[in-house]
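We call the chains A, B, C, D, E and F, going by the order they appear; numbering starts again at 1 in every chain.
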Amino acid sequence: MTEFGIILLSAVLVNNYVLTKFLGICPFLGVSGKLETAIGMSFAVMFVMTLASTASWIIQQLILIPFDIVYLQTVFFILIIAALVQFVEMVMHKTSPVLYQGLGIFLPLITTNCAVLGVAILNVQQDYSFFASVLYGFGAAVGFGLVLVLFSGLRERLEAAPIPEAFKGSPITLITAGMMALAFMGFAGLVKV
Amino acid sequence: MDFLYPVLIFATLALIIGTGLAFASRYFYVEGDPLADKVDALLPQTQCGQCGYPGCRPYADAVAGSGVAVNHCVPGGERTMLAIADIMGVEPKAIEEEETAPVVAYIREDECIGCTLCIKACPVDCIIGAPKQYHTIVTDHCTGCTLCLEPCPVDCIDMVETPELLEHWSWPVPGTKRAVKAEKRKAQHDGKIEGTDA
Amino acid sequence: MTFDKEQQKIAFTLFVVGLVAATMLALVDKWTAGPIAEAQRQALHQSLEQVLPEHSNDPLKDMFLFPIAKEENIKIFPAKDKKGDVIAYAWEQIAPDGYSGTIRILMGVRVSGEIAAIRVTFHKETPGLGDGIIKNKTWLNAFIDKTLTNATWLVKKDGGDFDQFTGATITPRAVVKTVHKGLVFYKKNQVDMLKRAYTVAMKSNEEGGKK
Amino acid sequence: MIFLSSPHQHGGNSIQLTMFSVIIALIPAAMVSVYLYGWLAVFLLTTCIGVSLATEFFALKWMGKETDRVWDGSAGLTGLLLALILPAAVPWWMAVFAAVFAIVLGKQLYGGLGHNPFNPALAARVVLLISFPLHMTSWIVPMHMDASLDMYSFITSLKFFFLGPDAVQQTWDAITMASPLGYLKTELGQGVTVTEALVNYHYSTLHAFIGREAGSLGEGSALALLMGGVWLMARHTISWHIPISYLLTMAVLAGLFNLINPDVYAPPMFHLLAGGLILCAFFMATDPVSSPSSGIGKIVFGIGCGILTWVIRTFGNYPEGAMFAVVLMNMATPLIDYYVRPRVYGHKRGKQS
Amino acid sequence: MPSKEETLNKQDIFNDGFWFNNAIFAQLLGMCPLLGVTTTAENGFWMGLATLAVLLCSNLIVSLVRGFIPDEVRIPAYIVIIASLVTVVELAMNAWMHDMYLILGLFIPLIVVNCAILGRAEAFASKNNVSDSLVDALGMGLGFTFALLLLGGVRELLGQGELFGFNILGDAYPDVLLFILPPGAFIALGFILAGVNVINQRLQAKKDAVLQAEKQGAAQNV
Amino acid sequence: MLNIWHKIQQSLSLGSAQGFTGGIVHGNQYKITAGHPIVACALPELFIHPIKQHIGEPCEPIVEVGERVLRGQMIAKPQGYLSVPVHASTSGTVTCIEEHTIPHPSGLGMISIHIKPDGMDETDESLHPLPNYRSVDATELRERVRDAGVAGLGGAVFPTFIKLVQDQQNQIDTVLLNGIECEPWLTCDHQLMLEKAHEIISGLDIILHMVEADKGIIVIEDNKLDAADVMKQTLSDMGLTDSIYVQVLPTRYPQGGERQLIQAVTGKEVPAGGLPLHMGVLSLNVGTSKAVYDAVCLGEPLTERIITVSGDAVPKPANMSVRLGTSMHFLLKQCGVEHFDGIKIMHGGPMMGELLNQDDVPVVKGSNGILAMNQQTIMRAHHQEEPCIRCGDCGDVCPAGLMPNLLAAHCKENQFERAEDYSLFDCIECGACSYVCPSHIPLVHYFRYGKGQVAQIQREKTFAEESRQRSEKRDARLAKELADKEEKRRVAKAKKEARAKALAEKEAAEKVVVDKDNVEQPDVEQTDKPEVKVDEKPAEDKA
């Protein structure tokens, strides 16, 4: 039980994907403009990442290792992820046009979200058990979602601020992300791995 | 030939996924465009055609359907543009024409010859009058779209500014004298920077 | 729902793309497999070179497994002179109690029980504080020629012979403790290790001979 | 025509008044720092405040704002607080770096006073901590502890401040020591129990309270800080919500775990008095700009700070968690403001409109 | 965005990819490798080259096969193509640049999902002919490499006082660890982007001035 | 100790049995005019009666230019339900009926009846006194209150008769008389209570009778204890202590706000969107109560009210009894103001009142105070806005429990949806937030701006919706007309055909088929037409 708690804590806070591992930065910067969208995106990513880590574990254990074709890892994983995302996109388009609109062009971009492929690869590198790897994927996504939502809150506040011309837009956004990363350094060592 | 395994395994997986996607694309096919409705709801319904489309709904369809720019509706003003840009998820664009004070059409009745041409032009039916008699515009219903100006053979229709009503008066944006002055100074400063840049 | 021509095309395209991609990769893999193995070997070799004294064999080739617990082995890389006598060993020792996690140390020990050299191969210590264990050459060199007896295996702060870094005591403490543990381990298993080194060598010689 | 809406009367409070009352409230703590570290404290205080003001001036000028805003007190206060949370051992260039960082990145890039999402002084300190961990985790031995140390005369201090320990023929280890929190953290890692560690350190609650332990400039004396803090609360410059909920959460958490295992978890009184907790709770977590603005939001903020501080202190790498906790909660401030709102008259809680 | 089959000015395409539509500076894409591997200029450089190689090949292949791939599987198909190219690069680096391979680590397979690459495949290569696509890839890839090099240089210089491993700022320079840690990466990039903003504003101002002059000239001619 | 707990409760906005949430304590500018006996203001040269002096629909003038009117004569009659009449304040002749500036922040004008007094001050006696009100039916009394033009004198000028209703579902059990007078400078209610205690209490008794309530509470703040004493004394003199009592509350602004008052007295909150009535409470200003008494027992319509004339530019501040329609210029002159340059006239108190840009504005029913302030005093209060430091003081004092800083920020950025989400419309515009803001942000101004914009957007939306409907109707009509025409043509054609058919009886059957085709063809063309037409129009327009 504690093992799982540690995996979760580590993935969410200590080794946060965005702020310490530099994964999934593009959507982190791109979809954080509005709180509602950020929340929607968080859930989408949570869903996809959990699925991705599940799928990658299965593929790794049942196909790649038995057939000794680990060098095909990247291709296998990305194909599965791309298909998964496309599927989610179709379903979402059909069932929830509002959410679909909100996530807009970013749904396809989940495919190209490093965090998703990253979770798949890191996951199998860590030799987790099946349940642990699913949890790890979920935890990483929660970490992503958490900082995304926090960040969107901050950005909404920034919108009203009289920021100097040269720093308006992406520069101040990045600096704020940097400040968040600074703050997250405080979690260092909570989990020693 | 031991490298045939991986090739086959992978190609099979690709085939399975391809098939799955093929079915899914059929099954989850989405029709229609609920977006256009949303955009339409935002438009002022002036039906003036300044956007280059025959009315508000067609423009909404064009915006939602074929990605036409969001800044064509002049009467809607900046607010509408921003709202549309927002739901379309695109960058807002500046509106070319300036927003003007609200106007309504007014017929100089003694010059009117009662030709009824303006009635036919008015998209919201707010001109009353019978043939050969002078016509009047129901000011409260006029959207100020100016479509009636052109057909009038004797040019007896003017656009007049609507007077400010006490009931409709609302507080302007706050700004004390000093604040206004500070803003001006800031603007000058910004201008100066640009000036030196150029 | 039908599986009409259009749909077939979708599935087929992906199939073809997959086929081509996989074929290409399989070929490339075949082509690079050798160089990759060589590169990995080289990398390991380089670090071994740093901790082992001059030798004339290939420690990688002579590597043998040594049991430290039930079903748990460590890899030991022996160094031999021209005559084929073992002169030193290298193995990896893990310090679990670094400031922010484990520290892996590759230590080279002469048969006589003196340290040839140590290198840290992996750590997560604070840059600027704990990372002296890889950057601070003087500190690393202090370990050379130390034996169980000719040094007090503690940091200076605790009354030993090894420097701590300013503002960071935990990291060196962990390293010193672990290297010490390694030496103790060596002393205990000295004989077995030697035996094993020779049996493995013989075996491989035989195999080599057979081939 | 310029329309002026009611009210046409004003209570007389102003930004300047607010900021200067906080500055006044910090004077006792600043005086204690001079008592503990002598000229070093004076140099650090003047450098931080001076550089903050100068940076603020140039930043305002560069952005085309009125430069008389420098005197609204906020930059001076940031500088003062920054100095108070730095160890006495930092050299001049680190103080300058921190002050510039605080004002430029912490504040002016966000549009100046009122717009910065993070506490500028704390952000600057975090940057220093991760950039220069050595300087930021070693503490000059306070004057009263080892008067034999030739560190506190004007000239020596000056040399030390500008040229470093070598210039005064001191080794770093000789003039610095561990703070109670740092010491405890190291010892616990060695398997020593809390009680033993505190005895070894000669820790005394009374000393921690009146201000004789090593640490950052301003965090020495809980008494001096409390005097200022309580005065501010009485003046309504700060509200009670954040300090009380913060300290209470800390006390409760520490107490609870101390009951469970007193060998591993430090007692609540130690936690409350150690490190910068009081300073943070009264002066930094309460920074109005970067904390929530409703009462109930402030309570949530305080509780969050308390939990995070305790968790980081107890399980994290860093001996002191207060600073990180506040910056982390700063991040959550917009969300707290959005989701945790006071109940509106005539509405049920949680339901708007 | 060019959507017609006409041949575009190669110079424009290159400029566009290298600067005006730069993945990093303009689109904020491909941020992960940018931030993740740029602790030194050298790392940034090699990462950029690896990406450039993949980008060139993927744009080439995608623009070759663009007619044959149905919309529904466009993304999976492109991404499989890209992924195999990346794997090739990965295997090659592992074989012949083992040290760099170890440093770049996870970020090599992640080139697959570098938004810039798929983005280009989608937005440009799938709509343009081979030569244009290649020029575009070159511009984009070099632009990306430039950005990586720049950020890597800044971080190395400020963080360690060195550049490509050479000591630049002298021994007295205190290493500001901030810049080699994650927060510093974000902050340094923020400042670089601010610089880019300023440059773009100047460029725009110049362009406007030129246009203005042309207009006036035209008016006088009339 | 209790006090501390009280404060904690308030800060937590848990709500409390006594007092209301938030609020501020003012200075004591009221002392300037406190205790000054009411003096009658002289008759001016000209009376100006705007045709709307209450909340609701405007009245319609029923006098003509040149007509002679008497004091108390109805000169404008109400239109619609939410409306009360306007009466002449003295006898004289109507000189003109035209637009005149009214006390309104916009500085805009309204149709007003100008009356030149003849100095005789003759009274119209068409309303006969009803001193025996207990025997009169409530409905008749209600009519009387309306005919007398009584509207709330507490500031909101809501037609009083509407409030005095017996509702089946919500039986009123408590009537609160609002003697709070929490605006810092005003003392008109205070003085009224001192001098007209009897009338006020009788008025309350009438009201209790009308709404069949059994409890009346006169609520007074503890800075007017003398008034409370007088009230208590009068109550026991009149023997009404069973049904009516006086409650003294600690002084705090804006306790006089209806909802705050109810919260302070009963501990209950009026639900959002609800009325005090739904809580079984009715609150009226003490002046209104006196006006009800005048209307019922004396048969006098509302033609005069008590006004505090004060401010730091007024040499002789006073509480005056002023006829409605008197110009403020005249009023201030009476109080010693000579030069009108460099002073600003404020209508109402400084917290809720409005600044006027002119001085020849008439006194209306809602005027409870006229303050003349030096320009500098005003400008000091309206100090330049500085950035919000998010101190939260504004939220602490907000009686409605809002977060004014965020609300104002959203209004400023024109994010009105967000602002509404933050309960913009629950703000009562009391001004407490602006009063305490260290950054001098005109918060209330932002809210007013926001509310105005929201209303504007709503109007535009409604208009757009109407336009759409009109446009659709028109399209339908055109289509129908077209179809009708078509039908006619078809019928005509059919007839013609029939005739032709009759003529060509002998021709072969195939031909009929062709004819049929002919009939259908134009049909197809015609249905296409409207679309084509719509399509072309904008093109023409552009050309």
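By definition in this document, contacts are C-beta pairs under 8 Å (C-beta built on N, C-alpha and C of every residue); 3 or more make two chains touch, one makes a residue touch a chain.
Note that the coordinates shown come from a computational prediction; the quantities given were computed from them, not determined experimentally.
Contact with both subunit A and subunit F is made by B, D.
Across B-E and B-C, it is B-C that has more C-beta pairs touching. Among the remaining chains, the Cα-based centre furthest from that of subunit B is the centre of C. Farthest from subunit E in terms of Cα centroid separation is F.
One inter-chain figure worth recording: subunit C and subunit E are separated by 37 Å, centre to centre, where each centre is the mean of the chain's CA atoms. We define each chain's centre as the mean of its Cα atoms; on that basis subunit A and subunit E are separated by 22 Å.
Chain centres here are Cα means. That of subunit E falls 63 Å from that of subunit F.
The multi-chain contact residues of subunit F, meaning those touching 2 or more other chains, are 105-106, 382-383, 412, 442, 445, 448.
Residues of subunit E found to touch two or more other chains are 72-73, 76, 80, 83-84, 87, 91, 177, 181, 183, 187, 201. Shown for subunit B are the residues in touch with two or more other chains, namely 6, 9-10, 13-14, 17-18, 21-22, 25, 171-172, 174, 176, 182, 190, 193. Considering their complex, residues 68-70, 72-73, 76-77, 80-81, 83-84, 87-88, 91-92, 94-96, 98-99, 101-102, 175, 177, 180-181 of subunit E touch subunit C. Contacts from subunit E toward subunit A in the complex involve residues 28-32, 34-36, 72, 75-76, 79-80, 82-84, 86-87, 90-91, 106, 109-110, 112-115, 118-119, 181-187, 189-191, 193-195, 197-198, 201. Within the complex formed with subunit B, the subunit A residues making contact are 63, 67, 69, 72, 75-76, 79-80, 83, 86-87, 90-91, 93-94, 97, 101-102, 104-105, 165. In the complex of the two chains, the subunit A residues touching subunit D come out as 35, 149-150, 153-154, 156-158, 160-164, 167, 172, 175-176, 179-180, 182-190. Within the complex, the subunit F residues that touch subunit B are 104-106, 108-110, 379, 382-385, 412, 414, 442, 445-446, 448-449, 451-453, 455-457, 459-460, 463-468, 470-471, 473-474, 477, 534-535, 537-538, 540-542.
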